[in-house]
Every structure is written in C-alpha cells, then in structure tokens.
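Next, two complexes with chain A in common: one pairs it with chain B, the other with chain C.
And now, the complex of A and B:
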C-alpha cells in the first residue's frame, strides 16, 4: 500500500523520485563527511561542481520535452568556453559583456537548429550532431590546444561566497525558477508540452507547432551558452574539444529528473536535481571510500532505477484506471 | 444566400489512387447533413480537405458564399469550420481546463498564464453545455473515453463554428441524448452541421438529408425521410457493380457436401473487447464470409484470431485442439495467417525488396547456414508469386515502388509462403484495380481447393456471395445470422443486416429510455 501510493506520487510528479533520492544521498554524504558538508563553503563546493551540469540539463529539457534531442549542447559549451578564455574580457564589466556574448553564440546555434528541425523537418539528432561538431570545429580554429585563461571576475566571482551564501545558490535558484515559469506558466511553455505529447493534437488545438518548436531550440541554445559560461567559471581555462561525458551526464540528469525522452512530460527542477544527484553520488562514493572506478556503475544504475520507478508508477496508474 | 457550405466538383488523387472525384453538395443554414459511406469511400478525405489538412486537386468550396481554401487547421477554425475528430485531438497530459482554453490562454501583463481564469472559463464552458461531472483540473489521460469524446465535441462547439463537423462522434459516447440536444440547439441558431457516421439510426435522428459516398464519388444525396434503410445500404455497399465474377465451378463446394469433413478452426463463445460472444467454425477447404457494415466489430474478430487483440473469453480450437492465441507469432505457429486491411501500416515493410517482403514470413526456408541467398530466395518464392500473379520482374524492386494492387499481391504471396492452413483475409480487394481483384479471387479459390480454410471479410457483398461457401452476418459486435450456400444472395445478407438493425434500434431505444430515467 505504502509502496503503491509512493509509486503513484512518483508517476504524478516525475521530479519527486530525484528529489527523494537527493535527500537520502545527501544524508549519507553528510554522515560520511561530517559537518563540513553543511557549512556554506562545503555547500558551495558541492554546488560549484554541479551547477554547469544543472544548467546544461535544463537546456536539454526544453528540447527533450518537444520530443527531440539536442546534442549541440556540448559544442556550444566548448565554443563559449573557448571564446571566454581567448577574448580577454576584463573585470566585472567584462564578465557582463561575456555573458551577452555567450547568450548570443548560444542563440545563433539554437536558431540554426530550430530552423532546420522545426521548419525544414530534419531529424533533430542529425542536425544537432552536425552543429555540435561544427561549433567545436570553430572553437579548435580559435584555440588549437587547451589553454587560455578565463577572466578572474568570472572564475572567482561565480564560485565563491557572497557573505554566508554560496554564489552558486544565488544563480541557481532564480535560474531554476525562471526556467520553470517559462515552461509551466506561459503559452510558449504549455505549447512545448503540447507538441511533445501529441503533435497532431497540438496542431488541432491551434498551437503553432513550428514556431513553438523553433523557440524551444532557441531557448535551449541560449541556456547552453549559459552552461558554457558556468563551465568556464568552474575550470578557469579554455578547452576547445567538446566534452562527450558532459553531454551524456546532462542527458542522464534529465532522465533521472523524470523527464520522458518521448516528450511531453517532465520538469526543470527534476533535471536540476538530477544533475546535482550525479555529482553527489561521486562525492559520496569518494567519501565512503569506494574507488572512483565504481562511480559510473552507480550513476548508470541510478539512472535506470529512476526511469524504472517513474514508469512503474505510471504502469500502476494505468492498471488502476483500467480496473475502475 | 441560404447555403453555408457549397462544394463543387471536388477532386483529389493520392498518387495513382483517385480518392475523390466529382464531389458536389451543399449544406443550408440550420441543416444537419449526414455523410455516409463505407470505409475508403472518401469521407475522411472530405473532412481533411474541409479542415485544410489536405489540398484538393480541383474544385471549389464556398463557405457562406465566400471562397474557402484553408491552409491548415487553425486557418479553418478562423474561417468558422470546427471539427470534433474521431481520433481525438486533446492533449493527454494537460488538464481539461487548459485543453478547453487552447491555444489562446489568458495571460497577465507579464505573459504569465492566469490559471485561475483558465479554470473559471472551463467551469463556465462545461456548465454551459450541462456538464457537471468532469473536473476541469483533471488530466485528459485520467478521463474515460466517453468523457474525452464529450470534451472533444465541447471544444469544437465552443469555437462557435458556422460549420460544425462531427467525425463519428458517437463511437464512444455513452449519453447520445446530450449530443442530440446540442445539435438541435445549433440547428436552431442557423448553423450547419456535417455529421459523419456509420449508424443510420443516428443519421435519421439528427439529420434531414444524407450524402452517400461510394468509391470516392457521390452515390447520391437523399432526403432521409423518403429513403429506406435498404436503399441507403444499397447506395453505400457495392463499390464495383461493374466487376464481373466468373461463376464458381461448383456452387456448393466439397466442404459443404460432406458435413463430416474436418473442422479446422472453431470458435466457441469468443469475446474480445466489445465484440462477442461469437460461435462459428470453418471446415477444411471452406471459404466462410463475414458480411457486416463498417465498424460492427468484424475488425476485432479478425484481430483476435490473428493474435493481435486479446481474447477475453471463449475458446478457439484448431483441428479440435484448444489453443491460446496470445500473439501473432503464436497464431502463425498454429497455422493462422492474417492479411490485414492496412497494407502500409500493418503489412508491408517499406524499404525492403519485394522478395524480402514475401519471404519474411518463412525466412528459414530461404536461408542456408543463416544467410539468405538471392537465388534460393527467388526460387523459393516463385511458386507463390506465380499463384498470386505477381510478375517476377518486381522481385528485386523495393516494395514501395509497386502499385497498390501489386503490393496487395505481394502481401498475399507472403501469407501463402508462410504455409498457413487458415487464412484470415480482411477486405483484401480494397483499393485495388480490377485485374488484381480477379487475381485475388482466383487465389482464394485455389487456396480453398487445396484444402486451406479461409475467413473472408469484404465490404463488397457481391464478392462474398460469389466466393464464399457460406456467410455469417455481424451486427453490433454479434453474429446475427448465417446464410448457408443455398440462400447466399446479396438480398439475403442485406435483409439479415436490416433485421438486426431494426431489432437493435428498438433495443437501443429501450436502453436509452432507461438511461434517461436513471439520470433523472
């Protein structure tokens, strides 16, 4: 009974699986690590390592909800990271200029993806794989080996503490809230869910399917640029190569967060917590003394578990409604 | 200006198939018009054209006297044409309220959707149509099919259309009376309604007139009060009156002569979904026909026997042995092969060669050491290709390059190649040319003379009377009669359908009254 009602909660609210797991894992981590974890500095370390992934996973969420895939995230991150490390932005003003630049770069990539997928009806995986390779090609042209320096105003400004509060929280909370509002409380966001659930029905309901899908890719591109900005703050240096493991972990975070790769169901908060969970697992395993070689096994198993729990819940819901 | 809709000389072809031609009819203000016709007659193409989902090749449409050429659904809605679709167009994981408000959700100054307003409007809309048992906050996916259908209709109504199209709205509706009231109110307001249905009684209750389509053309537009059911059936059925049938060599086949001849397939009390219970059997070398109007449950029967639909009760015996048909693979193992009606969706593998499409049902026979050799494959399938009259030059072409008729031959060749002893053929001559029809007829006769048992459904009664040893008649998910070989005539089948229809109408009337009493 308890199990079945828990499962039905998980099917109704897909992000609750990852939130539950996060709390459990955090307790384990805190017990293993001692009270350092709960200090502002400890929290800040934990968040700094996962915030770029969280924003990257949010970028993917917009496209995954439409029923598509966006691989260009990895390329956009590589390109914006490279630009930040070679362009020589200086000071706080430079950090703001850089923010505008990464958003523009992301918007350009998103526009290309959106035009080709929404209006020319090309397959999203093929298109975004192409733009991913192309953008990291441009990055390699600008910086032919890892190197360069990200401005201090970004590298230190975004990773420290502001008083007792980690800057990462100051970024992440409003970001998650804004993305959630955009998806769940605007016509555009509801249109995104609509086309992911049933494209023909969305059209019959009067949704401008192409325009909505285009804007989903555009938004994903801009958010991917932000993710590149945060990656740069975290690493402090430039790397023109696209990071495939970052891309795959971002997809894993989306799945753990309960967003369906079939489209139409999911949340931003789930993806953000999913990203945090992946980072937390690494840290917890390290803290309890498990070799880091096992990290991948745990992360993979966790992802399958999260997907399984989510689908068990909806299977039981289906059986209940069939029975009644 | 009294017509709301004028359609003149509308034509549409998909590739080589002429889906519609010379379609002309008008609908006046305050008129409800039934659009009748068998599956494939062109009704859905008409609906799609009126919604801007398909562009006609030629012809004119005028809406309230103005040229009407919708570029898409929302364009059609803006022009005043609104449709309740049979395959519902509601969004499953969004709430009832959002679905009713789509796409122009009310927002505040910051473009944030005002959900309390969405909900308030939904409650008002539902109340306006006398619906109080649906919670505007519930997700569409949690509703029953009947409630979804009501919402689909409400959404179409709430757009205040000048022309309302109802595409088989009663298929899942439990309370038809509710719809009747809505439609009467619309008629009183002077709006026009196009009502697509298979149920004549509903057409009579709601509509003054009917346009019957057959084979892509208007078979007739009639005043329903002056037209008998039999006349309507006649207009609907019999899409190729011109097709000649060679008389069967022996009207009473060998199977019928010898009553003790072995029964291959017997079905006892079978139920599946809404269908059943059904009891019948097929002997060795016998062709049993299924006569039914569109949508009476015959599809479920075929799917159940093919292992696609779940059998919920009853027993299927093959050669006297009880079998469980859990999947198409199991059905095939027991020697049952299915020729489905949708060649594209359920049958052929587009993109594979024709020979691969034929041999796939028995792929072990054309492979050696696990590899498929072209020569082995072609040698293997040649006899069945010849049997269905599929020229060998097509073997190496992708199956999608073939005409519809040759695709159908390839599909039948595959079933023969599987070596099945029992063939289920669901409308095998639908949408194929006359030559292919003749080839299919001779395949059916040959297969029967070789001792195969065949269950054949056709929308064309003439095919059934010419090919079958006997026929069962299905109406409203039940077998309502059987015509033995001696009396197997079109009139006889029509009569049985008509009697069932009349009886069913009385029963439904009683049921409807009880329901009304209950709801009071």
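And now, the complex of A and C:
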C-alpha cells in the first residue's frame, strides 16, 4: 500500500528523473573515487561545488515557472561576488552584513526585472539580458579584472565542517525547504504556477498576475544574490565578468530537474538535485581522467541532453497526472 | 500598420545617429575627422555583418548566442589555414563559410526538431565551439599575420574609403533584398509574427527556421574572416563582444525581440548608432566598464521605447493566426524568386 502510493507519487513528480539519475551517478562517482567520498570531508567537497549552482538554479526556477527566462542571474552573481571581494567585510559580523548586502543587491536587480517584465510587459529574455549586462558593467567599475579576496569568514566558514556535518548541508536543507514551502504552500507560489500554465485563466481566477510575476522576479533576484554569496565562498576571489557557463549549467539544472521551460510545471527539489547531478557528472568525468577539452564540449552537449531528458520527464509526469 | 511603424523606426534611428554624431563634434572636433569616420565605418562593418544573421534569427522569433564563438572560429581557422601570401584562400574561405553555416544549421536543428529553447541551444553551441577552438589552438593561436587580401580590405582605400566599406554596402543591399523581397524573407516574417502558425504549417516552417540559424552562422563566419584582417593575428577572444553587440544593434534598430517586426536597414542604423557612441566613449577615455553599462542600459531603453510604439500592433495580432498559416502554406505554391 505504502509502496504503491510511493511509486505513484514518484512517477507523477517531474523531479523523479533527476533524483534517480543522481543516485545512479553518485554510485558511479563513489566507485571511481573510492572511500573518500563517504567521509564528511569528501562529502563537503562535493557539496561545496554544487551548492552555489543549486541556489542559482532555484532562483531561475521561480522565473521559469512563470514562463520566462532570467539571464540576469549571471550578472547578479558577478556583481555580488565583486562586492564581497572588494568591500572588506570582516569576521562573522561582516559575513552577516555581507549577507544583507547581497540580498539587497539581488532585490534591486529583481525589482528592475520585475517592473519591466510584469508591468511594462517587455520580453523577459531581452530585459534580463540588458540587466545582466548592466550589472556586469557596474561590477567592472569596482574591479576591472578578476582579483580581490573574499573575507575568510565567508570563504572558509561556509565551505568547512561543523563537527561531522558539512556546513553546505546546514545551508542547503533549510534553504530548499523554505523555497519549496514558498512555492507550493503560499498563495504567491500557487499564483506562480497558475501564471505559467495559463495566464488568462489565472487572471480570471483572481490571481493578480502582474504583482505575482513581479514577486517572482524579485524572489529570483534575492536568491541570485544568495547564489553570488555562495560563489564567493567557493572561489574565494572576485570576477566582474558574467559567467555564461554558470548560467548555462543553472538552466541545465532547472531543465534536468523536470521544470518545463513552457512554465507551469516544476519543483525546487528538481532544480537542486539537477544542479548536484551536473556537478557530479563533471567531477566523475574529471576523476575518470577525461581531458579538459571535453569539459567544454561536454557542458554544451550536457545542456542539450538535460533539456531533452527534462522535457521527457516532464511529459511522462504530466501524462501520469492526467491519467490518475 | 507595421510597415509604416518599421519605416518610422528606421528613420528615427538614423536621425538619432546623425544627432549623436553632430553632438560628438561639439565634444571633441577630432571625432568628426576623416580617420575617426573611417574607424567608425570599419568597426561598424563587422557588427553590421554579424547583425544581419542575428537580425534574421530574431525576426524568426529566436536568439543566437553562438555568434561570438563562430566569429572567433572563422578568424582562427583562416589564420591557421592561409599564410600571409594568400595561398589557399580560394578554398579556405568557402570552407569556413560552410562550417559556419553548418554550426548554424545545427542550432536550427536543435531549436526546431529537438524543441530546445533558442537561447539555450545557441548558448550551448557557443560553448562547444569555443572549447573546440581552445583545443584546436591549444590556447595559443598561430600568431601569423592575416592573409594579404583580407588585410587589404581594411588597409587599402579607393577614394579614401577602406574597401571593406564598399563590400559591406553591397552586403547590405543583398541582405535587405533577401529579407524583404524574397519568399524566404516573407516566410521568416510570418513565422516570427506567429510561431504557432509555424508549428501548424509544419516541415516548411522548420526548414525556414533552420535556414535562419544557418544564415546567422554563415554571417558570423564571414565576419570572422574579415575581422582577421583588422585584428591581424587571431585572438581567442576576438569574437566575444559581437554576440551582445549584434543583439544591441538589432534591438536599437527597431526589431522586436519577439520576432516578426524588423528591417535590416534599421539594424544597420542601430549598428552605426552604437558605433558612433562607442567611438565617442573611447575617444573620451572612458573605462570599458562604462561601455558595458551603457550597452545594457541602451538595450533596456530601446525595448521600452519600441514597446510603447508597438502597443497598437499587439491588438491586431490575434487576428493574424489564420492569415499567417495561409501565408506559409501558400508560399509553397509560389515559384521561387
């Protein structure tokens, strides 16, 4: 009884594909790397690389669910990363101040995006392309070449261990939980799904389409700021240029997690696991000894595959839901 | 209605460019001199060539983010295959153009058959091409000079104007004809105006869309070839600015990012406007950061301006579905031009 209902839940969830693949991939990776992976340190290394991407993918999820695109993630990350590496925050207090700052920066970017897309009715790809370029430009003012140092409290604090547990998990679990609750159990979240599925119907049902869409971009912006915070923790240095690779991987994570680019269907968990999966694949390839030439080729091919796999999973899940 | 609007947009962009140009003369008289004009003309030429491909793709409702990488590929391959003495130019240039066309077609395939969103597909292809170039050159492209003929396009002049500008002028004429007068061009407009009609019409619309991306790849490769003449020796980042520059030129030139509206003359105007702006900023000694910031701001501003101009158009769009399908299907019976 429990098994059958669990199975039906599994087949109806769009993120089941990514979760399955992750488990499979993890086994492969563990075999390739040996015992190292199951130690807390090994686990933290794995997670540290994935967490920035996971948060970034979550940021995108909110926007993609409304049927839009948010390219400004890459710009917000560049800007917040640059700010953290030149502003000179110190210590734990500084780390907290920095957290507020990145959320503020993300909120500003998200507000601009939201106003132009939701209220001015401009196309999201174009607007977020513009804001991505602008934020990168602002970052270039602060730092005209990669450099600077991220405060130790952030770079070491977030990437280490708290006892036997990687700090990354302590961040990731509550974050994913909060984002999932926001998306699935609040009026805002339900409105986001509604807009993505059928804008006109959502409006007819009383959803304030503009306000909801605005908040989706605002949320995406704030979470993008958080992603930049984590990128800073991971790299320890600043880079004012927007990273197209990161953006591509974030979208791949969203796709492989089962969120449809048409909008209206998807999960936060899917994007988070999708991010982990992509990082895992890269690390496995590296562990097995594939040359770096293929990494670039692979990213591109992976992206294409991810969208295909994701849309397959989405289609399967949709069919199952319709049938039940 | 849309014709008039488009023409108005084109005139507007050229007028704006002229105004900016005159203004820059007040800031620094040197900006109006011959060498300055030549610089603007030559630098804009590259953007114009790349922007035609980008413009056709955007017209069909998509976006091409792989242009920069293909430009670099074109430049690097030409530098590697043809020494300064022009030996082998006759086969290398067509080969490179075909390669660009092929990568473009690959993009088109992903967008139509695999139904991958355009910006995702082209971004992926861009990264693939970039890493292929990186591997091919092992990080250090052969630092030979460009083939003499290509370099001559930039350096030699007829009546004081670099040859490349004549070349681009011919390019603009041919490209505009292709976009506005041919049945292919009409189909692109139709698909861009109503993508759902394209889906209904099926295979024919797929071929047209793939053609759009293939043309974009072709133009990017062409741009890379002539760009090598300007740059001298291929650099791995030579194509990078052109992805965003081409999008900016298309948007500023009045094409709707949604597709279906736009003209190449408008795009040319956009490219010239940005070229004058860029030249002014360089001459004033502004940091590169300003350029990036202003480019982004201009894209957003242009969107806002054109959106308010286009609000009438949107109301008449819903009636166009059936006529768009008809237009696509009817074109199948028209004789090719």
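Following the convention adopted for this analysis, the second predicted complex is superposed on the first by the 280 of 324 C-alpha atoms of A that agree within 3 Å, B and C clash if a C-alpha of one lies under 4 Å from a C-alpha of the other, contacts with A are read in each partner's own complex, and residues count from 1 in each chain.
Everything below uses one rule, namely that a residue touches a chain if its C-beta (ideal position, glycine included) is under 8 Å from a C-beta of that chain, and two chains touch if they have at least 3 such contacts.
None of these values were measured; they are calculated from a predicted model.
Chemist: Touching A:272 in the superposition: chain B (first), chain C (second), both, neither?
Modeler: Neither chain B nor chain C is touched by A:272.
Chemist: When the two structures are overlaid on chain A, which partner does A:202 contact: first (chain B), second (chain C), both, or neither?
Modeler: In the superposition, A:202 contacts chain B only.
Chemist: Thinking of the overlay built on chain A, is A:127 touched by chain B (first), by chain C (second), by both, or by neither?
Modeler: Touch status of A:127: second partner only.
Chemist: Which partner chains sit in contact with A:253 here, chain B, chain C, both or neither? Use first/second/both/neither.
Modeler: A:253: touches no partner chain.
Chemist: Could you say whether A:191 touches chain B, chain C, both of them, or neither, answering first, second, both or neither?
Modeler: first
Chemist: Touch check for A:181: first (chain B), second (chain C), both, or neither?
Modeler: Only chain B; A:181 stays clear of chain C.
Chemist: Which chain makes contact with more of the residues of chain A, chain B or else chain C?
Modeler: C
Chemist: Pick one for A:264: touches chain B only (first), chain C only (second), both, or neither.
Modeler: The first partner, chain B, only.
Chemist: Scan A:105 for contacts with chain B and chain C and give back first, second, both or neither.
Modeler: A:105 contacts neither chain B nor chain C.
Chemist: Do chain B and chain C touch any of the same residues on chain A, and if so, which?
Modeler: none
Chemist: Would you pull the chain B residues touching chain A in the complex into a rising list?
Modeler: Residues of chain B touching chain A: 72-74, 77, 83, 85, 87-94, 98-99, 102-105, 107, 111-113, 115, 142, 155.
Chemist: Sort out for me which residues of chain A touch chain B in the complex.
Modeler: Residues of chain A touching chain B: 181, 185-187, 190-191, 193-194, 197-198, 200-208, 264-265, 321.
Chemist: Sort out for me which residues of chain C touch chain A in the complex.
Modeler: 63, 65, 110, 114-117, 119-121, 123-128, 130-132, 134-135, 244, 247, 251, 257-258, 287-297, 299-300, 303-304, 307
Chemist: Show me the residue ranges of chain A that touch chain C in the complex, using the header's touch definition.
Modeler: Interface residues on chain A, with respect to chain C: 69, 71, 116, 120-123, 125-127, 129-138, 140-141, 144, 244-245, 247-248, 251, 255, 261, 293, 295-297, 299-301, 303-304, 307-308, 311.
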